[in-house]
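Below, subunit A partners subunit B and then partners subunit C, in two separate complexes.
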Partner chain A sequence: MNSSYAVPAVALVVVATVLVGAFGLRISRTTSDFYVASRTVGPRLNAAAISGEYLSAASFLGIAGLVLVQGPDMLWYPVGYTAGYLVLLLFVAAPLRRSGAYTLPDFAEARLASHGVRRLAGAFVVGVGWLYLLPQLQGAGLTLTVLTGAPDSLGGLIVAVVVVATVAAGGMRSITFVQAFQYWLKLTALLVPALFLILAWQSDGAPRHAFEEPAAFREQRVVRVDDTLDLKLDRPLTVTVNGTVDGRRHRAERLQLPTGTHHIGAGTRLTFAKGATVPVADRGTNGGMSTSLAASREERPLYATYGLILATFLGTMGLPHVVVRFYTSPHGVAARRTTVAVLGLIGAFYLLPPVYGALGRLYTPELTITGDADAAVLLLPDRMIGGVGGDLLGALVAGGAFAAFLSTASGLTMAVAGVLTQDVLPSRGVRHFRLGTVLAMVVPLVASVLVGGLPVADAVGLAFAVSASSFCPLLVLGIWWTRLTPPGAAAGMLVGGGSAFVAVAATMAGFPGTGPLHALLAWPALWSVPLGFLTMVLVSLATPGRVPTGTAAILARFHLPEELRAEVKA
Partner chain B sequence: MSGFLAGLCVAVLPLLAAGFWLGRRTARPESLGGLGTPVEHATFQTLHTASLAAPPLRAGLTGETARRSARRLRTLLGTDALCLTDQKQVLAWEGVGDHHRAEIMERLAGPLETGRGEAFRLKCDAPDCPLRWAVVAPLTVDDRVHGALVACAPRESAVLVRAAGEVARWVSVQLELADLDQSRTRLIEAEIKALRAQISPHFIFNSLAVIASFVRTDPERARELLLEFADFTRYSFRRHGDFTTLADELHAIDHYLALVRARFGERLSVTLQIAPEVLPVALPFLCLQPLVENAVKHGLEGKAVNAAGKSRISITAQDAGAEALVVIEDDGAGMDPDLLRRILAGEVSPSGGIGLSNVDDRLRQVYGDDYGLVIETAVGAGMKITARLPKYQPGVHSASRRSEQ
Partner chain C sequence: MPQEPTERRVVVTGPPRRTRRASGYSRPRTEIDEQTTLGHTYVRSLMRTQLRAALTVFAVLVLLVGPLPLVFAATPDSRRLEWLVLGFCLYAPLVLLALWYVRRAERNERDFVRLVEDR
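Then we have the complex of A and B:
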C-alpha cells in the first residue's frame, strides 16, 4: 500500500476535524441574524451527527472484514447495528428526551429519584464507554500499521492525543457540525471508492460466486506470513514455499502439502497459483477485528446469531454517546424524527461495507490467512484499480477510517468524562472536566497497549451486551412500567449488567476455551438481558413500598406531548 | 496471552471496587472505636446515629422520609418497635409487632389533640408479641402537632418515656428546619412573581415613546416594534411554570434588544454566538434578560459623555460537557467590585432594577451554591458575567416550548 497519499489524507482529516470543531462557531452573528443563530438543531442535522458519532471503526472496517472471512452470515452485524435504532425509536427516543435527562445517570435520577441508582448507572456508563473505546484505539493502530508499517500502538496514541486535546481544550465547540461532517465524510469515503470498485469489477467480467466455498485465488499471489500460524487443509494443496513449513526450511520450492494441519513459520512467503483454494488459518486470537471467536460460532451458529441480534438490537439505546445526542433535539417529536432520519442514514451507510467484504473475498482472499481481514477496505482500491487512481481512492478510504475513530472516540470520551466529572471526581469545574477527559482516555489507551492482541470485534459486541443487559431494562421498564422501584433497578442493573460483565471478563481471559459454556459466555446477551429484566421486575415487585412518590406525574411527563403538557398545567 | 491479561484486568476492576467499598464501610466504626473512653465512644455513636437520621427528616414528614429515618431512630432509642405517624395514619413501622398499627392510631387521638405525651398498655392476643407498653411523644412544629413518635417496649419504663420525649423534640427541630426550608422556597417564588410584574416602568415608557416616534415616519417599523413589545411583555407576564428553555429566553432577549436598538440606533451593537446544542437547556424563567438589561444600561452609561461612542455587547452560549456556559459581556462603565459584592450580599440595594442579586439568588437556589454568577469587572473596564447552567437538574423542567414559529 502506497503511504505517500494516505498519510496526508489522514493528517487532513485530523486537521479538518480540529478546525471545524474550533472555528465552526466563531463566525459571529449580529442580532439581525438572530433567528439563524438561535435555530435549534434540526432532526436531519442531528441525525447526521448521531450517525457520525455512531459509525465506528467496527462498522467502517470490521464488517467488511467479517464478511470477507466468514461470509454472508455476518450481515447480521449491520442489520443489528441499524435495527437498534428501530427499538430506540419505538420505545425510548421521545420519552427519554421529554425526561430532560442529559446522560443515563440523569435519567436514572429523574425517574427514580435515587442517588444510589444514579451512581450505579454512572459506573456502568464508564464501563461500557471504556469497553467501546478500546476497539476504536486498536482499530486506529491497525489502520496506521497497514498504511505505513508504524508500530501497533501509534495510531491509537495519535487518536487519543487528538481527542483529548480537542475535547479538553473545549475545542469541540460546535460538536454537532463536526459529527455531521464526519458522517458525510465517512459515507463519501466508502461510497466513491465503492463505485469505482464496482466499475472495475464490471470491467473484469463481473465474476460472481463470491461466497462459494472455498474461496479461490483469482491470480497468482504471494502471501507473506508475519506470525507463525497453523494452516488446516481439507484437500491437498500445491504451493511454492520460501521459508519454513512443518519445521523444514524450503527455498522457493514447489511443495505438495497433504490434507491435515501444517505449521507455517514466521516470515515465510507462500506463492499460490491461480485457481488454488484459499486455506483456512487456524489461530486463537489475533490483532484483527474480524477473526475472533470463529470457532465457537461454528459450534453454535444459531445461538451466537441470536445473542448477537439481542445485544445489538437492545444495546444501542444504552450507548452513552448516543444518548447524550438526543438532548440536542428541542422536543420529543423532534427526537423521534431524528431517530427515523438516523435509520435512513445508517441504513444507507451499511449497504457499503458488505460490498467491500464480497469484493474482498474475490480479490484479496489471502487476508483470511494473514489475519488482517480488516484491512480489506483499505487494500481493495490499490488491488483492483492500482496506479495513482487506486492510491488516491485508498487515501480517501484511509481518511474516512480515521474520521470513524476520531468521531466515535471523541463522543465516547465526552460522555465518559462527563460522568466522571459529575459523579466520581470530588468537585466541579472546568479543570475537573479536563482531568476527567484525560482519565476517560488513559484507561482504554493503557489497556489497548497492554492487551494488544485482543479480538476487537468482540470488544464492541461485548460493550453492546453489557449495555443491553444493564441499560435496556432500566430504560424500557423505567419508561413503560409504573411499579419500578430504586432497589429493583439497582438489582437488575447489577445482576444483568454485572453478569454480562463477568462473562466478558471470562471470555477475554480465555477461561473455557471451547464448548457450550464458552458459547454462553462469549454471547452473553441471550441470557443476561432476560436475567436483568427478570431481576428488575421481581425485586421491584418485592419492594412495593419503595415506588418513588410522584411516579405517575413523572411518567405523564415522559409520555405526554409537550403542547398538551403546557395546557394541562395552565 | 494478552487476551488473558485483558480479562484479568477486567475481572480485577470490580473486585477492587468491592474492596474499596467494603473498606469504606468498615473503616468508619474503627475510627470511632479509637476515640477515648467507652462513655465517649457511646456518645459519639449516639451523635453519629442521630446525624444519620437527620437528612431524610429535613425534607418534611412523609411516608418516604419517615421510613428512611425510623430505623436510625429505633437504634437511637433501642426499643423493640418504633413508629412514626402523622395526624391520620402510621407513616412507618420499624421493628416487630406490625399488627398494632390500628390500635395505636385509635389510642393516639388524645395525644394528637392535646399535644401531650403519654404511655399506655397495649392490648395484645399474640402470646409471643414482646410489645406490652407504648410511649407516645408528639411531634410539634410551631406549637402545632404534626404527628407522633411511638416507642413500644415489653414493660413500662421512665427512662424510655424520657428518652422518647427527647428524641421527639429532636425530630421536631428537624421538622421545623424543613418548614424553614419551605418558607425560604416560597419567599423566592414570591420574589420571582414580583419580578415578573416588575419590568422597569422606564422601559415601557421609553419603548412606547420610540414606537410613537416611528408611527408617522415609518409605520411599518412602528408596527414591527409594537409586535416585539407585545411578544416581550407576553413572555414576561407568563403565568405558568417557573422554568423556561434557553431558546425561549434568548428570544425574549431578542425582542428586548430590538426595542432598545430602536431607541439607541447605531450606538449599540450586539454580537451573538449561540451553540445550537444548548438551546433546549431548561433554566429559571427570566434569569438572563435582567443580565442583558444590566449590560445595556452599564454599556451605555460609560459612553454617555461621548454621544458618538458605541457600546458593544456580546452574548455567547457554549456547550461545555454537562453544562451550558452563558457569557454576557459589555465594554461600558464597569463597577467597583466591592460595591458589587455588597449588592450581591444584599447589604446595599442597587440603584433601580432587580438585576444581579436576584438572578444570583435564584441560580443558587435552583442549582446549588456552586452555580452562582461569576462577575468580572472593574471601574471603567466593562463587565463580564458568566452563568453556568447544568443541562440536567432534578426538578428543573421547562414548562412549555414556544409555539411553533
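Then we have the complex of A and C:
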C-alpha cells in the first residue's frame, strides 16, 4: 500500500488531537474540570464524546476483519456493543449520575460505605482498563506496520505519548472535545470510502457471493505467507507452490493438497486459481485482532454465541471509560437522553463495518490466510479503486483508525489514572493526576511489547467478560436492591470477576486444548455472570446485619428526580 | 343589629383554609425529606415503577434478540438473512426501545413529582 498519503493523514489526526486538546486546556482550570468537566457537558456534545470514546480499534478494524474470517456470526459483536448501551440505559444511567460519584470505586463507597469494597472496585477498574488498553496499542502498531512497514511497537508508542500528553495536560474537559471531534472523524473515515467502495462494487457488476460459504477467490491471486502457519483444508485444494509445504520444497509446482492440515513454511508463495475456495489458517497461527477463539466457536457455536451476547450486553455498563463519562452529564434526565443519543450514533456507525467485511470477503479473501484480516478496512480502497483516489481514501481510513486508537486509549487512561490518583497515590492534586496518567499508560505499553502476539479480540472479550461478571452485579444490585451488604458485594465481585478472569487467562495460556471444558472457559460469561449475581445475593442475605445504615437515604438519592432532591439537601 | 340576623358576623373557629392547603401541599415531601417510614414507602414505590419500566423493555429486548442465534442455527441456508438482520436491521429497533424507555421513565418521574407535591 502506498504510504505517501497515509502517513501525513495519521500525522494530521495526531496533530489535530493535540490542538483540540490544547483548546480544552485553555478552559480547563479547576480540579472538577479535570475529572468531570465540571459536569456541564450537554447531551449532544457528551453523546458524541461517549461514542467517540467507545468506538475503539476493535470496532473500526476488528469487526470487518472478524466478519471476513469467520462470517456473519461475528456481527453479534457490534450488535452486542450497541445493545450494551440499551441495558446500561435501562438499569444504570440515571441513578448512576444521581449517585454523584466520580468513578466506579466512588460509587461502591457511596453505596456501601466500605473502604474495602472501594479498593476492590478500584483494582478491577485498573485491571479491566489495562486489559482494554492493550489491544488499542497493538492495533496502532498493526496499522502503522501495514501502512509503512515500521516496527510493531512504534504505533503503540506514538499513541501512548499523544494520549498521555493530552490527558495529563487537559483532563476530562479537553478529552470531551477531543472525543466528540474523533467520533465525527471516525464516522467520516468509514462512511466516505464505503460510498466509493459500494460504487466500485456496483460498477463491477455487483457480485453477491460474499454471503455464500465459504469465501472464494474471484481471480488468480498470489499470497505470500510471511510467518509459518497451518492450513486446514475441508476439501482438496489445487495450488501452485513456490516454497515449503509440509517440510518439502517446491519451485512453482502445481500441487493437489488432500483434505487435512498442511504446514506452510515462512516466505512461501501460494498461487490460487480463480474460483478456488479460501482455506482457513489454524487457530493461534495468525495473530491480530481477528483471531479470536475461532476453534472453540466451531465446537459449540451456539454456546459461544450466547456467551458473546451476554458478555457484551452486560459488560458495557462496567467498562471504566464508559461509566466515568456519565458523571459529566448535568443531571439524571440528561444522562438518560445522552444514552439514547449515543445509541443512535454508535448504531449508525456500526452499519458500516459489515459493508467492509462483506466487500473484504469478495476482494481480499487472502487476508484470512496471511493473518492480517484486521487490515482489510485499510487495504480495500487500494484494492478496489486503486490509483490516487484509492490512496487518498486509504489515507482517510488510516487517519480514522488512528483516531479510534487515540480516543479509546485516552478515555481508558483517564479512568485508570483517576482511580490511581484517588486510591493509590497520596494526594489528589492535579500534579498527582498527571503522574497517575503516566502510570496508567506505561504498564499496558510495556505489556504490549512483552506479550506481542496476544490475539487482540481475546483481550477485548476478556475485558467484557470480567466487567460483566463483576461490575454489572455491583451496579444493578447496588441500584435496585436494598439488602446488598459490603461483604456480599466484595464476594460477588471476587467470585464472578475473578473466575471469569481465571477462565480466559487459562484459555489464552492454552489450557485445556479442546472439548466442552475449553468452550466453557473460553466463553465464561454464560456461567460467570450468574455466579457473580448469585454470590452477591447469597452472601448479602447471609450477612443481614451488615446492611449499611444509610441505605434507604442513598437509594432515595439515586432514584428521586433532581427537583425533589434539591429540597432534601437544603 | 339583632333585627338582621343574616348580617351578623359569625366567628368561625378551626385552622384557616389556606394554611391547611399549604400543609397538604408539602406533606409527602416532608415525609421523604425526613426519611420516615412513609417517606421510604414513597421512594420504594417510585423504584418499583421504574424497575418495572426497565424490566418491560429488557424483556422485549430479550424476546427480540434471544431467539435469533437459534433461528440462524436451525436454518443454515439463511446466510443472507443473517447478514441482513445482524448487519443492518437491529440498530433501529434498539434506538426505538431506548426512546420508549426514556419516555416512560420520565413520565414516571413527572407523575411522582406531581403526587409528592400534591398538584
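Criterion: the second predicted complex is superposed on the first by the 539 of 570 C-alpha atoms of A that agree within 3 Å, B and C clash if a C-alpha of one lies under 4 Å from a C-alpha of the other, contacts with A are read in each partner's own complex, and residues count from 1 in each chain.
In this section, a residue touches a chain if its C-beta (ideal position, glycine included) is under 8 Å from a C-beta of that chain, and two chains touch if they have at least 3 such contacts.
All figures in this text were calculated on a predicted structure; none of them were measured in a lab.
A.B. asks: In the superposed arrangement, does A:329 touch subunit B (first), subunit C (second), both or neither?
C.D. replies: first
A.B. asks: Once the shared chain is lined up, is A:79 touching subunit B (first), subunit C (second), both, or neither of them?
C.D. replies: Once the two structures are laid over each other on A, A:79 reaches subunit C alone.
A.B. asks: Going by the contact rule set out at the top, does A:553 touch subunit B (first), subunit C (second), both, or neither?
C.D. replies: After superposition on chain A, A:553 lies in contact with subunit C alone.
A.B. asks: Could you say whether A:351 touches subunit B, subunit C, both of them, or neither, answering first, second, both or neither?
C.D. replies: second
A.B. asks: A:408 in the overlay: touching subunit B, subunit C, both, or neither? Say first, second, both or neither.
C.D. replies: Touch partners of A:408: none, neither subunit B nor subunit C.
A.B. asks: Output check: A:563 vs subunit B and subunit C. Expected answer is one of first, second, both, neither. What do you get?
C.D. replies: both
A.B. asks: Which partner reaches more residues of subunit A, subunit B or subunit C?
C.D. replies: Comparing touch counts on subunit A for subunit B and subunit C gives B.
A.B. asks: What is the contact status of A:94 with respect to subunit B (first) and subunit C (second): first, second, both, or neither?
C.D. replies: A:94 contacts subunit C only, not subunit B.
A.B. asks: Can you list the residues of subunit A that touch subunit B in one structure and subunit C in the other?
C.D. replies: On subunit A, the residues that contact subunit B in one structure and subunit C in the other are 563.
A.B. asks: Residues of subunit A touching subunit C in their complex?
C.D. replies: 71-73, 75-76, 79, 82-83, 85-87, 89-91, 94, 211-213, 301-302, 305-306, 309, 333, 336-337, 339-340, 343-344, 347-348, 350-351, 354-355, 358, 480, 552-553, 555-556, 559-561, 563-564, 567-568
A.B. asks: Mind pulling up the subunit C residues that touch subunit A in the complex?
C.D. replies: Contact set of subunit C toward subunit A: 29, 32-33, 35, 39-40, 43, 46-47, 50-51, 54, 57-58, 61, 65, 69-70, 72-73, 79-80, 82-83, 86-88, 90-92, 94-95, 97-99, 101-102, 105-106, 109, 112-113, 116.
A.B. asks: Report the residues of subunit A in contact with subunit B in the complex, numbered from low to high.
C.D. replies: 25-26, 28-31, 33-34, 37-41, 100-103, 106, 109-110, 113, 123, 170, 172-176, 284-285, 327-331, 414, 417-418, 421-422, 427-428, 430, 433, 447, 450-455, 498, 501-502, 504-511, 545, 548-549, 557, 562-563, 565-566, 569-570
A.B. asks: Which residues of subunit B touch subunit A once you look at their complex with the stated criterion?
C.D. replies: Against subunit A, subunit B makes touches at 1-11, 14, 17, 62-64, 67, 239-241, 245, 247, 250-251, 254, 257-258, 261, 269-277, 279-280, 282, 314, 318-322, 370, 391-392, 394, 396-401.
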